[in-house]
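Input: structures, listed below.
Shared between the two complexes below is chain A, which has chain B as its partner in the first and chain C in the second.
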Partner chain A sequence: MNTWFTEIVRDANERLFSPAELDRIMAYYSSMPARLKAAEEIEVIDADFNRNLLVEMRKKFPNRELYSKRVILDLLDGLRVLAQALLMDEPQFLRDRWIFHLIRVIEESGIDPDHVRDVYVEMGNVLNHRLSASSRELMGPLLQELIESTSLVPSY
Partner chain B sequence: MPAPNEPQVRFKGNLFARPDYFTTDVMLGATRTPSGSRVCALTSDFLLGFRDAVIYECGDAYRSVMKNCGRRWGKEFARRFDKEMAGFYQSAVKDLAAGVVHACLADAFAAHGWGTLSIDLSECEVGVLQATISNSVMPALVMESDRPSDHLMCGLLASLFTHFSGTELDAVQTECASCGASASRFLVGSPTRIAALAEWLETQEKSPSHEVALNRLLGNSPRKTEHHHHNGVPTTTH
Partner chain C sequence: MISSCLHKIDNRYLKAKERSDLLAYVATARARRTALEEVRKKTGAAIDSMMGEIRKLYPQFMQYRPHGFDKGHRDMVLLTSMTANAMFLGETDTIDEQFTFWYRSILKAVHLTPQFLTDTFELWAAALKRQLSLDTYEMLEPFVQHMIEKLTDIPAPAKDEVGERRLA
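Coming up: the complex of A and B.
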């Protein structure tokens, strides 16, 4: 996929940027320090994220088999994709790289989507607890989209 | 905790949507995937020219020649898919849950521009698998035909599912966009049953619908057989 920035540069094709394009670029430019800070904060969480999440999920739902070490470790990849989407300010990247695939795996594997939703909700709780207010604000819409995507699959 | 031998459900996202999945070295003029496999894009002109050349050289046999080309292609693709999945998941494909493998296959099809693949396992119990490819390449190029034209994909699917099931399987195309259908549809099963169905399809004046072909195949299906599922792929032992 092309990011919004690539699209603007390609469309402009050596002409001057339009006011709307300039506004978009400047808005992104001014949000860059906050985005970098959020990415740094996520990197710190990254270190002990999976161990804490695994303990928490097994404590809350001891009978659910889905929460294996591997699955929880995979969530770390999801967190990194979230951080990349946040850095690029490109929600479509999150959809293409993560959400569409997630929905398909849930559907085709016959997993209860609520079980997947719960683990992402817990991931959100960890992030809300550990990120600063500005980072939470940036991460919020992406995380919400990720959590809500699981409700696109019918429950069993 | 899942049992150690239970198929693994994994959530690692779409490997093929990684921004660096296809990397082109402009100095070397080579495009490679993360596993180092070299890939090249074939233009519509090439594919149509290739098909015309095979028709010219082989006459009526061109369908089976194209299907065999697809088989060869599928065999190589399955090998690459296995290697890349093993690298990505740190697990062999056979250890992954069928849903994960199907999702990854569909991702791979989409990323390579071969269309959107969906797999229907509802008749898996009787050793029949159904596959649908929307926006498939060949029908879009051939545009109009009185018979299905997706022979390359038919061979590729036969090879792919043979690889995943570990038993010889064949495929037949039942519907095709070049015949006015909305997508290419295929039936995959044991070579004898598929050959019998293909022969019957050949004798029909007007191409029957996918459902008619499926019913014909199921009508001939030996339901009281022992079935094994490997990555959600039917392997029937008689």
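Coming up: the complex of A and C.
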């Protein structure tokens, strides 16, 4: 896929980057240390999710059969795509690589969308609680879009 | 640098080395931009100067290619722009995919001799070195050398279409 960054690079074929293009890239570069820090924080939480999230979800919803190790691993794949989109400053990357796929899987599999939504909401709650304020601010719109995407499939 | 690093990670987080490389690169971004802006201002003078020298070195070239020097001037400006962009991005993969391999095919197709190309690109590097500040040229030089290496790696044509090489 083409991110805004690769589009700028591609469009500058046979000419120097324009001042406006450089301004956009420089603004992104100045945010890079904060993006790297946020991705590192997410990585730490990812490891904890891998250990604890399944237990938490089963405790909260003992009668739901959806929550399995496989579902948690799938969710963590989504979290890694989110971290990559955050590093790229590219929400479209999250949509193309995860959200469209997630919506389709929920639609096709017959899983109750509320059950999927709840595990994403739980992940969001933990992230919002544990991330630093600057990381939360950077990740907020992506996380919100990811969680809201699970509501795009009508509940049973 | 950024693009190649962030696109190659797939379903994983960055390694410590990748993070430190990215931080080191973005720390130099302001200096890279300053260098690119200097290239923007001085490309015209540098290319005018080197084209004057190549005209003297190959006085018969226009007999083979009447518009060769004009097109050459345009191409050297383009080459300088792409090289400066690569310097700003801190990597050569993108410029090679986008420009270098295509341009090497063009050079091969127009039957320029390896000596003509070596002379042209050495004069190009020397003109940039003369026109640019030391800091800017030092930043640009690895990318200039990369382009010279790639663009002179062309087999000798069956027929010479550049004419006599006349040393002053």
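Following the convention adopted for this analysis, the second predicted complex is superposed on the first by the 154 of 156 C-alpha atoms of A that agree within 3 Å, B and C clash if a C-alpha of one lies under 4 Å from a C-alpha of the other, contacts with A are read in each partner's own complex, and residues count from 1 in each chain.
Going forward, a contact is a pair of C-beta atoms (placed from the backbone, for glycine too) under 8 Å apart; a residue touches a chain by one contact, two chains touch by 3 or more.
Just so we're clear, the structure is a prediction, and the values are computed from it rather than from any experiment.
**Student:** Mind checking chain B and chain C on superposed chain A, clash or fit?
**Tutor:** fit
**Student:** So, does A:V71 touch the first partner chain B, the second partner chain C, both, or neither?
**Tutor:** A:V71 sits against chain B, while chain C stays out of touch.
**Student:** If we overlay the two complexes on their shared chain A, which of chain B and chain C does A:I111 touch? Say first, second, both or neither.
**Tutor:** In the superposition, A:I111 contacts chain B only.
**Student:** Between chain B (first) and chain C (second), which, if any, makes contact with A:A34: first, second, both or neither?
**Tutor:** Touch partners of A:A34: none, neither chain B nor chain C.
**Student:** May I ask you to decide whether A:L102 touches chain B, chain C, both, or neither, giving the answer as first, second, both or neither?
**Tutor:** first
**Student:** Taking the superposition as given, tell me the minimum C-alpha spacing from chain B to chain C, whole angstrom.
**Tutor:** In this superposition, no C-alpha atom of chain B lies closer than 6 Å to one of chain C.
**Student:** Which residues of chain A are in contact with chain B in one complex and with chain C in the other?
**Tutor:** Shared contact residues on chain A: 77, 81.
**Student:** What does chain A use to touch chain B in their complex?
**Tutor:** 1, 65-66, 68, 70-71, 74-75, 77-78, 81, 96-98, 100-102, 104-111, 116
**Student:** What residues of chain B sit close enough to touch chain A in their complex?
**Tutor:** Its residues touching chain A are 1-2, 8-14, 17-18, 91, 97-100, 102-103, 106-107.
**Student:** Write out the stretch or stretches of chain A touching chain C in their complex.
**Tutor:** Where chain A meets chain C, its residues are 3, 5-6, 9-10, 12-17, 22, 25-26, 29-30, 32-33, 36, 39-40, 42-43, 46, 77, 80-81, 83-84, 87-88.
**Student:** Please give the residue numbers of chain C that touch chain A in the complex, ascending.
**Tutor:** 2-3, 6-7, 9, 11-14, 19, 22-23, 26, 29-30, 33, 36, 39-40, 78, 81-82, 84-85, 88-89, 94, 98-99
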